[in-house]
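What follows is chain A paired twice: with chain B in the first complex and chain C in the second.
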Partner chain A sequence: MTTLARRLGGVTQTRKSAVSTGASVPVVLALVGVAVFLVVGSLSSSIFAQQTVAGLAQGAIFGSLALALVLIYRATEVINFAQGELAMAMTYVGYQLTIWGLSYWLAFALTLVISFIVGVAIQLVVIRPVQHRSVIAVVIVTVGLFILIDGLVTWKWGADLKFMRAPFGNTVYHVGNVAFARQDLGVLLVSILSVILLGILFRFTKLGLAMRAAALRPAAASLVGVRVNWMLAIGWGLASVLGAVAGLMTEPSQFLQPTMMQPILLYAFAAAVLGGLESPVGAVIGGLAVGVFLNLTGQYVGFATSELRLPIAFAVLLIVLLVKPTGLFGRKQVRRV
Partner chain B sequence: MRRIPVAGATVGLLATLVIVLLHFGLSSYHQGLAARVAVYFIAILGLNILIGYTGQISIGHGAFMAIGGYTTAIMSADHHLNLIATLPLSFAITFACGLIVGLPALRLSGVYLALATFALAVSVPQFPLKFSKFTGGSNGMQTAQTPGNSWLYWVTWSCAGIGFVLAWLILRGRTGRAFRAVRDSALAAASSGVSLPIYKTLAFGISAAYAGVAGSLFVLVTNGFAQPNEFGVLLSLQLLIGAAVAGLGSLWGVLAGAAFIALLPTISASAPLVGSSHGQDVVFGLIVILIMLVLPNGVVGLLARLGQRRNA
Partner chain C sequence: MGMKGRILAVVAGAAIVASIAVAAASGAHRLDPGITSTSIKIGGTFPLTGPASLYKTIPAAEKAYFDYVNDHGGVNGRKIDFTILDDAYDPSKTVPLAQQLVTSDKVFAVYGSLGTAPGLATWGYLNQQKVPQVQLATGDSYWGFSYKKYPWTTGWQPDYPGEAKAYGKYIVANMPNAKIGVLFQNDAYGKNYYAGLRVGLGAKKSNIVDAESYDVTNPSLTQQILALKSKGADTFVVFATPTPTITALVTAAKVGWTPSATLINNVSANRLFLLAAAASGANVDGVISTSYVASSTTQSSLPGVKLAGSIIAQYAPSLQSSFAKGDGNIMYGFGSAWTLVYALQHAGKTPTRAGLLKALHSLNTSANPFVYPGIKLQTSAKDNFPIEQEMMIKWAGGATGDWAPFGNLLTNVR
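Then we have the complex of A and B:
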């Protein structure tokens, strides 16, 4: 398979152009238009406002997981199919910590540390050996991880529903006649905050600079002394942390079960593709857009019942790939034949 | 194999003989297991035509199995069609579905195709839930007859045999050459007159049809019961893993891949340490990762490497 796989890898190996990611004017205008539509709709209908806020909260979760996928994709052009399952496993770790008596937020912080270590370890042990081989080889390894993690969690904790303490309580705020769940606002806040912290890390620290260099120009980066392999491992660690945030923020609405992140992974895929698969900002905006879109179609399109949420996300993904494969914020790839 | 049809034919005859003789040697329970192997054999065969020979990845073949499986269940339960007669029908329907999916896949490759087909695998099991009037929803639906293990053994392995010969015929001739040309270099293939749209969608259609028949038989093997959960994303992942174990681009390795995914749950369930229910997934995942790390060419690659060492 190696020769074949190398060829397959070659198909997607493209030269990264010097054009930086950034939104084009029409995209920005469209986004502003959507935002205006959402604000106007929310002001005129309380149900619309409620669905929008709930959609934003869910979308922030999709965005975090999408961002985790994008982090890894930018660095190695690989999609981690186990990202959702890893997030699920880390949520169980958090659950176990609270069972052992830690307070929620202490368990939360400790889970993030553990996630980082696990992410780095996975990259070092199973991803690095196949990293240079091909897209298919790495995809199959992540698929193996998917099943392995799923099995480990079900083995250890069983397949039945588990419940954690609600981190934000069950308070509902009323603004006018619109009800906002405190939980939705908290989820939104935590997810966005983690994304912003990550952005700061990448933009303003030396480590972030080294990581961006390792992802964009591995050869040049290693020439100036960046330890590229370690940067990739740290990238996996950070992706795993973001995933853990997504998992822990999913728990209050979905409860714990081994399959809880599988649909979310698909939404995150749709979000990442919508954002251009290469753009961190795009992943987050894509996530919010997918979340709001799913909620509003669920509310206002009679045919789109909850069973069709996944197929709708699939349709979004497919349409973006076919109509505008670079997504909202992706850059055109220059392919050298 | 293309160069030495005599050897191929001998091996084929021997395989047929072994399959026929095994029927008399196996207990009813083991016949059921062997029928499962045949089902996965057919599905992985089709997947291998797509991934191994045409170079297009799919993580979504469980979706086609679902379509085939529900075709058989609906046709048998609601229209009282003979079970065997449903097989060509699901072949035709999934072939058409494969062509339709193959069309957008023309514009996608590598990671993007993997993403889209994964999304397909996650989405399709939702449709029986949505249209529960026709499909029984999450309770699933039951075929009119439930065949015994001996019947299953004959039917599944006959289908597997037909499928294998068909795949061999397709791949040795003009079409197979075109598939491999597309895989090796799409650009070179196109410039020597191989139509990319035709052969890429054709590969999708053929492999989907294999998966469809496998899905029909899968329903029959699981007591004639079609259920959305059975066709979940794990099934698609298992097929991909079976193809990787088999070694992409080889027809004979498919048997090893099929046996691996069909029998591992049974074997690992009786293993001392793994024991009960969910240890099997752990073993499954571990073995897959180990295989990718240690045997990147699958079982066939290992045999080839051993052969080379002996010759050297």
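Then we have the complex of A and C:
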């Protein structure tokens, strides 16, 4: 069994089996409660509404990147520390395409294609050779990738601030006292749309089924003809695409610079853990929650100054994890070694 | 004493005379490190890469000016040999590079090094080695106030708290009922600015309705800007580095906040940044800041700007497009380099390190063609702030606009 799993590219020799589903009733009820609270608050206070919308737009970006982390975690069982830098590099690719004269959305689409290829290539060239050694080996490779990508981007494009054309224009809509930036709404829409498309891919296509199988039961999947290694590579490709979306959606507010995704990655980690590291839905909801939570505490909690905002966010995260160690949507796993 | 003894005495006497003569001769010609009869070696650390690399046009302009001076006779016949090292704005890299400049490059002076933290990381070492650390490119007031403890260190530009004080006084005089909302970077840089503003506002500091800080790790400024908006602020004061300043202006427009006045600090008031902010939707018209260098766009007929243009064309053509767009860092580099050449010319026929410091501590000239017209470089034994004047400037013309000066030169900016 051991050699078979190894030969077939199985990630681990453990057997995973779902014991409980992620979305338990209390969690769903709590989320509905939070949603009601946000709607009521938004209807009664314009600043509350505005902070919430801005938080959702920011949170959608956290969610996209968190989802990328989750995809790779499911496939390779490591956190990809280079995820943010990869997203940043892909944003530079998009920038370069617009410099060469492509329209924004054409460059956007082409960037996603390039991201997919780059993601697959990274898995095949640098991850696969160390994949079966140990988790630590893969983690070290991703840290190396982080440094390598950062260096390459700075070498090619320099570290000074660069600007892309605003993809959604600079229009601001006013609904009563609340101002909604078209850009925030656009970011929210694009991020959520990419997540939904990915969800459809996983749930309703044969490829998605094969990928889920390869991630969950590599040995069994390969026995029924799934090319496990390719599925893992495609997983990296899709994660890279999601990262590119997150990067391109970050650019209008943070602009282009090599460090642009580092703070985002930090919050994406938090979002992924909050959602339960293995749950795509959890990652997205975790991202939205972190985004809104940061904005509302900054507005209404007097002592949540900029020094304390991050610690407070992580303290809440810690409490959630103490109550529900697997995250909001995580599944408990039993491993038989 | 026999014949033999006499000869010995003569020889001994001659030897003593000769050795004294040699000693005297070498005393007369003993030069400080980095100085020869034909050259003066200087060097500095700059962020050519990394997050602050937008400042890399400063050393490029300085180098161009030194090349120009060298081709026109140098400093009393000596050519300036300027070594530019890249510390990426990382103090841990600045330290070994400063040691390299002193011990292996053997520079006469460390000149123009950029950044507060890199400056603070190296001033102990350089002062202990008695190596001049002159004209640091940062507006923190440490250099101006600490000349007794750190006699080998000097700054150049106006200091940040003084600039903020000037904004406070301006608000008191022109908008006494302003409801002020402040956004500041949560570190020594931003806090020093904020403290200066409160001093300048005096009793009117109660007009500050909200002060929001941000960390450089904040992924967005929306929360802070919305908070300022919700507290009813109508006057927006930003004490930030360039990127967050652009973000703040863009975000204010995005959340539909239109304060009646916006003030940003000089460091972020480079024309290139305002153009970028405007292109991303910020309302830049009416934004107020200060300047102490001539503008390469609106003051193109000034002799200094013309000279800078011709020097760039000949010695640093890569700077031409930024210069044409009004990159204030280029004029900064010229103004600073001019000051060093001026000080070297006044540091004795054969400049010494002590002579250079003495010259920088007794500046008194209005001849710098690259600073804002009318600004005088002035220092004394008790005053180590070379530039203490600034011009208030206001933006007009939106996404294709520019700064225009208004009012009189501010004085005593410190």
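Here, the second predicted complex is superposed on the first by the 297 of 337 C-alpha atoms of A that agree within 3 Å, B and C clash if a C-alpha of one lies under 4 Å from a C-alpha of the other, contacts with A are read in each partner's own complex, and residues count from 1 in each chain.
We take it that a residue touches a chain if its C-beta (ideal position, glycine included) is under 8 Å from a C-beta of that chain, and two chains touch if they have at least 3 such contacts.
Since this is a predicted model, take the numbers as computed values, not measurements.
Of the two partner chains placed by the overlay, only chain C lies in contact with A:Gln299; chain B stays clear of it. Of the two partner chains placed around the shared chain by superposition, chain B is the only one that A:Pro129 touches, whereas chain C remains out of contact.
In the superposed model, A:Gln51 makes contact with chain C only, not with chain B. Touch criterion met: A:Pro263 reaches chain B and chain C at once. In the superposition on chain A, contact of A:Thr154 is made with both chain B and chain C. When the two complexes are superposed, the chain touching more residues of chain A, out of chain B and chain C, is B. By the touch criterion stated above, A:Gln96 is placed in contact with neither chain B nor chain C. In the superposition on chain A, A:Ser42 makes contact with neither chain B nor chain C. Using the contact criterion defined above for the overlaid structures, shared-chain residue A:Leu310 touches chain B and also reaches chain C. In the superposition on chain A, chain A positions 154, 159, 262-263, 266, 305, 307, 309-310 are in contact with chain B in one complex as well as with chain C in the other.
Across the interface of their complex, chain C is touched by residues 47, 50-51, 54-55, 58, 61, 154, 158-161, 163, 166, 169-170, 172, 174, 179, 181, 183-184, 250, 252-255, 257-259, 262-264, 266-267, 294-295, 298-299, 305-307, 309-310 of chain A. In the complex of the two chains, the chain A residues touching chain B come out as 1-2, 4-5, 7-9, 11-12, 73, 77-79, 81, 126, 129-130, 133, 135-137, 139-141, 143-152, 154-155, 159, 262-263, 265-266, 269-270, 273, 305, 307-311, 313-314, 317-318, 321-322, 325, 337. Within the complex, the chain C residues that touch chain A are 49-51, 53-54, 56, 186, 212-215, 217-220, 222-224, 226-227, 229-230, 242-243, 246-247, 250-251, 253-257, 276, 279-281. Those residues of chain B that touch chain A in the shared complex are 51-52, 55, 57, 59, 104, 107-112, 114-116, 118-120, 122-124, 126-127, 129-130, 183-187, 233-234, 237-238, 240-241, 244, 247-249, 277-286, 288-289, 292-293, 296-298, 301.
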